[in-house]
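Shared chain: chain A. Partners: chain B in the first complex, chain C in the second.
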Partner chain A sequence: MAAAFRAMLQRDLLLAWRRRGDALLPVLYAVMVATLFPFALGPEHTLLARISGGVVLVTVLLSMLLSLDAVFRGDLEDGALEYLVLAPQPLALLVAARMLAYWLVTALPLIAVAPLLAYMLGLEGPAQPVLLLALLLATPLLALIGSVLTALTVGTRRSGMLLALMLLPLAVPIVIFAAGAVGAAQQGLPWVAPVAWLAAALALAVVLAPLACATALRIALDS
Partner chain B sequence: MMNAFPDPQPAPIDVRGLVYERRDERVFGPLDFTVEAGTIALVEGDNGSGKTTLLRVIAGLLRASAGEARVFGSAPGSDEARAGTASLGHLLGLKGDLTPRENLHLGMGLYGCKSGEDPDAMLCRVGLEGFGDEPVRTLSAGQKKRTALARLALLPARLWLLDEPYANLDRHGIALVNHLLALHAAAGGSALVTSHGAVSFHQGVACTIRLTP
Partner chain C sequence: MNAIKLWYHKLGSPPYFYVFAGYIQPWLWTIAAMLAVAGLYGGLVLAPADYQQGDAFRIIFVHVPAAWMSLFIYGVMAVSAFIAVIWRPKMAEVLAMESAPIGAAFTLIALVTGSLWGRPTWGTYWTWDARLTSELVLLFIYLGVIGLYHAFEDPRQGARAASFLAMVGAVNLPIVHYSVVWWNTLHQGTTVRYFGPSSIAPSMLWPLLAMTFAAKFYYGASLMQRSRVSLLSLERGKDWVADIVRREPTHG
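Our next item is the complex of A and B:
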């Protein structure tokens, strides 16, 4: 079982490395979206600093949404998805490896560039590490919830738009807790509680999302 | 209570009254057949007669409408059934950005490997010597098929579900498929093979299942 997890993770990281230019696109997108805010709102420092945490969070969320739609599409188109479903391994385990690879390839570069975006918008002091912590918890949570929805919409036409419409309402609590933690840290208030909520939700999602995703994929292929 | 006379080896495939309907329209059935260990069964039928659908039902991807299919005595798609089965469909499931060698290693990682087999030797046997490190997307359709056949022959599965294995292959490729099937049957394996009838296939076919639309 560990060998299958490793083989799957290795496959996805190798595929991402062969197409490493693609991994840059969400990062460039995030940088551009974040750059638009000072142009739209004016260069007033206090305003930008106050909204910076939320802007960075929403930007990262939207960037992830761009590539989430394609998580299972390639495997569906070349038939690899059927071979994964038929493999004598727990499908949830293979899905978990897929999601880990997706998070490493897509979310990690975004998290790496997030401090730069936050600094550009004037986020300073102790709120910076809190933002990083919130992103480290919020991005895998989004990827896991998104993977279930992607599995449900795999094979449908215009699945990208459908995915966005289904995922964004579910992302609301994640954004509230993550932005709440950053906002509290900016005002010098305790910020541990919202971060703990995110961590609890992530612990739940790590266990449940691969199972739900595996079931959704089986349903998607049964037609 | 324990069964005093347990069936020592359930048949690889046992089908009783199997019917599949799509939107209340019958695709095939009712079918009754058994594929014993060490034998090859051929599914014949015209385009659209439900050959692929039958294979997908037995693989466990589709749910039968009526009747029962047993794979090694278990329900299709169950852990026991999947552990003994390998399939080859119209879509080969090869990753185009990976090389044949990397694709074989991936298949072995997911399905395990027959003891005493080596992926590089297998690539030579299917006639892909020198192509082991080219990305699969640059290979021809026939070479892709050969890569998929090499992966199939490496897996430890005792039952093969092959959907049109002769498509895209030249004369040597067709002989290769027959050779692999003969070796597989000689080692006690069994196979369910679909064909639209264009390729003559005689050796060692134990039963033929004829599907009519």
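Our next item is the complex of A and C:
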């Protein structure tokens, strides 16, 4: 089973590496969105600094949302998804490998660029590492929940807006806790509690989301 | 097999359910209408004006039942969705999917009446209060379920996928509510206070209860009607639908 997990991960990472330009698109999108905020709100430093954590988090969330559609799309189109469902290894395990690959390819570059974006908006000092920590916990959570919902929409044609409608309400707690931690750190308040909540939710999601995703895929492909 | 169990299993069959729903539906409509008339008369005419809010409080007789129903219907939908995903009976899918638009409508009513009520009492139509925000998220989850159901070509597959989403939403809803409460206390103190639940006068309580039960019966009646229409559409290739169409010539 470990071999299947490794093979799946290796294949996904190799595919991503062969088309490494694609991995840059979410990052570019995030940079564009974050750049629009100062234009819309004015260059006033105190205002931008106050909202910087939240803006970066929402930007990362939106860029992950846009790339989520691709998690199962390619496999669905070339028929590989049916083979995954029929494989002797548990589907949840293979799906977990896919989620990990997706997180490595999409979320890690976003996390790498996030401190830069936050700094451009005026987030400084001890809040920076907190933002990084919050993103390290929030992005896998989003990837896990998002993959479950993407699996549900696999059988539909127009899934982009629908995915947003399904994911954003469920992402509310993640945004609240992640942005809350950054905001608390900015004000010099203790920020461990929201981060601990995120970590707890992540621990739960790591166990449950692959199983839920496997069920969702079976529902979406069964016709 | 005893009689209740037999009846329960019979209800799982679409033709039987269609006839049963058609039989109880007029009763549900009648009870709902009678309760609503009584409740509205008691609430809008008989109940005295509130000593603090004047006549503005009277919207409570629509707002509170709608808010309760928005959660109650989600509960019913989540239970049917659970049954639909695990055991896959067709009726559970139909009931879950036909509950969703009614629940979304009640949620919208609760939000709109709440914001209309907020204007005279709090001075604003909208505030990021924990309950308002949770209710808004609930509306989004309802819309997601409805949207996913209609995104599939095959309605049964759509019903199963949307049922699964409803289950995920049911797990998430308490988390959303408590995180919003936490967020609200972090950002600002409670600016909005609901008047105490204990201090409601009996002359205001009975119309409220009447309206609550009116909303429950309305939901039942509406669910029966929607399910019957949905069944006719889902089972349009079956003999029993053809029989009904032959027996009831088109009305125009």
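By our rule, the second predicted complex is superposed on the first by the 223 of 223 C-alpha atoms of A that agree within 3 Å, B and C clash if a C-alpha of one lies under 4 Å from a C-alpha of the other, contacts with A are read in each partner's own complex, and residues count from 1 in each chain.
The rule is short, and it goes like this: contacts are C-beta pairs under 8 Å (C-beta built on N, C-alpha and C of every residue); 3 or more make two chains touch, one makes a residue touch a chain.
This is a predicted model, so every value here is computed, not measured.
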Partner chain in contact with A:176 - chain B first, chain C second, else both or neither: second
Which superposed partner A:162 touches (first chain B, second chain C, both, neither): second
First, second, both or neither for A:44, with chain B first and chain C second: neither
Partner chain(s) touched by A:184 [first = chain B, second = chain C, both, neither]: second
Which of chain B and chain C A:149 touches, first, second, both or neither: second
First (chain B), second (chain C), both or neither touched by A:212: second
Which of chain B and chain C A:222 touches, first, second, both or neither: both
Residues of chain A at both interfaces, chain B in one complex, chain C in the other: 222
Chain A to chain B touching residues, read off their complex: 3-4, 6-8, 10-11, 14-15, 18-19, 78-89, 94, 221-222
Chain A residues within the chain C interface of the complex: 148-149, 152-153, 155-159, 162, 165-166, 168-170, 172-173, 176-177, 180, 183-184, 197, 201, 212, 215-216, 219-220, 222-223
Residues on chain B engaged by chain A in the complex (per definition of touch): 59-63, 79, 82-83, 85-87, 89-98, 102, 105-112, 135
Contact set on chain C toward chain A in their complex: 85, 137, 140-141, 143-144, 147-148, 151-152, 154, 157, 160-161, 164-165, 168-169, 172, 175-176, 179-180, 182-183, 186
